[in-house]
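A quick write-up on the structure given underneath.
Each chain carries a letter (A, B, C and D) given by its place in the written order, and its residues are counted from 1.
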Amino acid sequence: MKTAGAQALSTVRTAATRPRTARRPRVAEQFETAVQQRAAATLGMWVFIATETLFFGALFFAYAIARIQAPDDFAQASRHTNLVLGTANTAILLSSSLFMALSVRAAALGTRQAAVGFLVITAALGLSFTGVKLAEYALDYREHLVPLVDFAFDPRHARGALVFFGLYFATTGLHLVHLSIGIALVLGLAWRLLARRPGASAEHVAIAGLYWHFVDIVWIFLYPCLYLVSRA
Amino acid sequence: MSALALPPEASTIAAHVDHLLYAVVGVTAAVTLAIFATIIAFAIRYRAGSAAPRAEDVPAAQARARRRVEAAWTLVPLALFVAAFAWGARVYVERALPPSDATQLFVVAKQWTWKLQHPGGQREIDELHVARGQPVELVMTSEDVIHSFYVPAFRLKQDVLPGRYTQMWFTATETGRFHLFCAEYCGTDHSRMRGDIVVMEPEDFARWLEGHRGASGMAAQGEVLFREYGCSGCHATQPSAQPGANASVHAPSLAGLYGRPVPLADGSVVKADERYLRDSILLPDKEVAAGYEAIMPSFAGRIGEDEILELIVYIESLSDTKGRPQ
Amino acid sequence: MTEAVRAGDGGVLGERGELALHPPASYLEEGFTIRSWLTTRDHKRIAILYALSITLFFFIGGAAATLIRIELATPNGDLVSADTYNKLFTMHGVIMVWFFLIPSIPATLGNFLVPLMIGARDLAFPRLNLASWYIYVAGASFTVAAMILGGVDTGWTFYAPFSTLYSNTHVVWVLAGVFVVGFSSILTGLNFIVTIHTMRAPGLTWFRLPLFVWAQYATSAILVLATPVLAMTLVLVAVERLGGIGIFDPALGGDPLLFQHLFWFYSHPAVYIMVLPAMGVVSEIVACFARNPVFGYRTMAYAIIAIAMLGFLVWGHHMFVSGQSLYAGTVFSLLSFFVALPSAIKVFNWTATLWHGRITYEAPMLYALGFVGLFTIGGMTGLILAVLALDVHLTDTYFVVAHFHYIMVGGAVSAYLGGIHFWWPKITGRLYSDRWARFAAILLFFGFNATFFPQYLLGIAGMPRRYHEYAPEFQTLNVLSSGGAVLLALGYLLPLVYLSWSLVRGARAPANPWDATGLEWRTASPPPKRNFAAVPVVEGPPYAYRPSPAGIVRAREGTA
Amino acid sequence: MRGDRVSAYVWTWLGLLALLAASCASSFVPLGRLNAFVNVGIALAKALLVALVFMHLRRDRPIVRLVAVAGLAWLALLFGLSLADFLTRGP
């Protein structure tokens, strides 16, 4: 037991001797080592993903309860979504995740050119998803499926269908906002990697990758909830 | 006012709630005082500079003390909690299950008044007359936002929701006038959404009913509506009778429907209670009876909450299981 | 073992553990311009920014409360109209919950102390930390805008369908304000979780952490997991209000109980967001002034985690008469008793911490003991509300109002003030008048009880909450309550005066005025920008107040 | 991420596309309420693949895995305890 009436402590390392090796990623002032910094960044992104899980989760929950209230209306409404475009878009997004993962790997291995190339493909796939989605919105508009703006539906199912399409636009819209942020993030990262700017390391690519994959997972759940309620 | 400022105890369940309240308040107050006494005793005895002996090695003394007290002060409260839960749940369930001989009364809440109707057709606003000793079941709904039917003297409260029925029941034990409050915030005049429950001796209540008799009872009014809204065109109301005038339409007979299990088109079975009847009028496509087509039009937006209640009372009156006097 | 450092010497650790005679400039001296404050990334300065903002909102919310209490002195609505009254209690609730209580301890004391207590130079994401404050300001602006536009009358609970269809006030502005401020909480929580996980000083294992840090950690977990659900719920209210999409309103095909489930999934754990940090503060203070280790330290840490987790399982107890199913009500009641258990254990452990102590009664200790007393009453009455049949009578009456004010004001605000008094010398480098501070603590304790204890009786007597006018038989108790509120209001103004005074005339504070353990006391008061000149290494348990060498006791008496 | 092989990623991607096809096809088979469960099941499987392989959860630190699970676990609480009400309403 210590004699001092306080939490025993001593000092060994000083700020001056803190290991500042010539590793590429810069260590911010508050961190001791690059390892600590990377651990903090990864954990931070995962905590953010946990938050986002609950954010989208509450929306899915509202969807579930609304669907329990009006199962037939939801089934009818779902048949009016565009299955071909929806499925194609899912495939596009899944493929984008492949290239994102490849980019993270390339960056970790230090092959800068490959990492940049994969990032660009990822962003391009993200952009095509956005394009298809917007085209789909245009078709929805033509079929009078946009609540508030122009909505007409079989009156027997209109009540639940309005809720369905309200949720359809809320969920896909929110997803699209997240995806757009992801595209901006990925393109910015690609540019900075290419120009050898600071703020673009393998670590940054890995963190952006986590975000990208999460947005992908959200869509994985949206797809059956919106497009596949009832096709039989 | 009684001890604890309780309002008068005027229903059968109020007595049960009060026993529970005295017991729980008694125990929690005793424990609270014991904690405070201990804190004050320690605060004085172990003030800096006092002569009270202290352990040489306090962490070790704490560790020894923990072994003695920790299990006790975890398990004893736990046991008390489970007991309080069980007792509370028993009275809660009692509150939820009305006796079979209860008279049904109907409540429609609306910003910021209570509309009440007796099965005999007597209507009241912000006032409800009931007989002492007679079990009463309230079937309640709201025309706008959420309200809450609260009678402190009965120790009862139930939120009144738009779009569905909630129930509560009581048997008044004391005559007199008792407060009725809206307890769920409902907008500007929430605090004025108050009324009175008037409990009368059964014979006085019978006289009151007689004196306030409307043109006809709820079931009779429902029968009129049944024709006016065209329900009788398709639905039969006599057990063995032919379907309605519009014989080409295949619609389920309503005779003896109330209280019965109804097989639905999707294979499930529901009980034909107030909720089912209400939803069938407003959302006919939601639960279609097996063997029938979903051809009934919805009456949502065309029919008031009190009219729906009258129709329901009428349909109930077609059933033996819970026939209502007209 | 390496060299140990003596506490209470008033010295500061230098580069290699020696006492430095000329400590580095404090964080307050790093810049004096407004710009230096508004662009700072120093967790300590951000804590000050938060402290100023929430103090402003505390007094705005308090002013609303004062008007409410004056109005309720008579049974008739003679001071303000019914609409104004409804807007007042809505504003009081919204401001006190989201713009004062939720950020109170985490964003001020937590922001200031977590890095200091774990021996770090800053939080893991300093820029994000500053962003949190700006997000708070943005959310506050929306809310203030709603107030200026004419206010909102939904109550802080925003129950649908009143909020989605029937209220004619500026609901969407307040929804936006609360939505935005939620992200401020989330980012603070995220920052704390990552910081506590990755940036503890060498040797500072989990079970050497001060309970304050444990409490911040658990609180952060709640912030991160519950707040997004509230955010989405508010979005759905706005969608239904603006777009007529029937999520909650049955007239459009929605379910009003869905709103209540989503809302309380956040708002019940939110109570623990307010009270867990308070428990952390009280553990620090009680141990320090009893000169004892916290009784059952590990149990206390586990209890914090248990409360945070079980707190998520009990939201349905706000809905016993809402039309929720009988089965769900019963389940939620049983679970509610389970969350009471760790809270009870904490009260027992604080009491036992006094045992064999050498207790002194400076202002922070008075606030802490006030917390224990008021929290106990609030907790016990919470048990009464968890009993199903009793809740049927008491819910939505003044009993509930009294109960949650005992927890949030008697509990959380007392602890917040206790913490401010405890760490004031560390934060500002100044000593305040202990005499005035003790007077304020005692005044607040009695003022609080005078205000809120009568409300328990009002609730039992059956007076519903949110009533602008009430039946005449409730007047006596209401007058008592309003009278107490005058004392309470005076009590809250006092610290504002003497603490401000200390900034001008207060004596310079030594590094460790209370002879407390914990790393935050091992650096100068106020601390330098980077907190520690050298990275501290921890080699022992927290709260090592005993065995207490005679020298330290003497030093304490010298400073008193 | 360094240690992963490209082929592992490509196989995962092919698996995801196969699951997508299965999900889409299954919705044309009339299974009644079972359709919804099949759909959610397949979505869970896809999400798990992405999380474990692309997001490297299978080899990340325990705390990271704990955080990832916490998000889902709390969501399950929201669904589970609320459904305790929604599914037991009625008489």
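The rule is short, and it goes like this: a residue touches a chain if its C-beta (ideal position, glycine included) is under 8 Å from a C-beta of that chain, and two chains touch if they have at least 3 such contacts.
These numbers come from a predicted model, not from an experiment.
Counting only chains that touch, the fewest steps needed to get from subunit A to subunit B is 1. When the interfaces B-C and A-D are ranked by how many C-beta pairs touch across them, B-C comes first. Rounded to whole angstrom units, the spacing between the C-alpha centres of subunit C and subunit D is 37.
Centroid to centroid, with C-alpha atoms defining each point, subunit A and subunit D lie 15 Å apart. Centroid to centroid, with C-alpha atoms defining each point, subunit B and subunit D lie 41 Å apart. The residues of subunit C that reach two or more other chains are 197, 225, 229, 255, 257-258, 262, 265, 326, 545-547, listed in rising order. Shared interface positions of subunit D, i.e. residues touching 2 or more other chains, are given as 63, 70-71, 74, 78, 82, 86, 90.
For subunit B, no residue reaches two or more other chains under the stated contact definition. The part of subunit D that touches subunit A in the complex is made up of residues 1-2, 4, 6, 9-10, 12-13, 16-17, 20, 23-24, 27-31, 35-36, 39-40, 42-43, 46-47, 50-51, 53-55, 60-61, 63-64, 67-68, 70-72, 74-75, 78-79, 82, 86. Subunit A makes touch with subunit B in their complex at residues 70, 72, 156-157, 159.
By the touch rule above, subunit D contacts subunit C in their complex via residues 63, 70-71, 74, 77-78, 81-82, 84-86, 88-90.
Listing the residues of subunit A that touch subunit C in their complex gives 1-16, 18, 28-32, 36, 39-40, 43-44, 47-48, 50-59, 61-62, 65-66, 69-70, 73, 147-148, 159-160, 162-163, 166-167, 170. Across the complex, subunit D is touched by residues 39, 42-43, 46-47, 49-54, 57-58, 61, 64-65, 68, 83, 87, 90-91, 94-95, 97-98, 100-102, 104-105, 108-109, 206, 209-210, 213-214, 216-217, 220-221, 223-225, 227-232 of subunit A.
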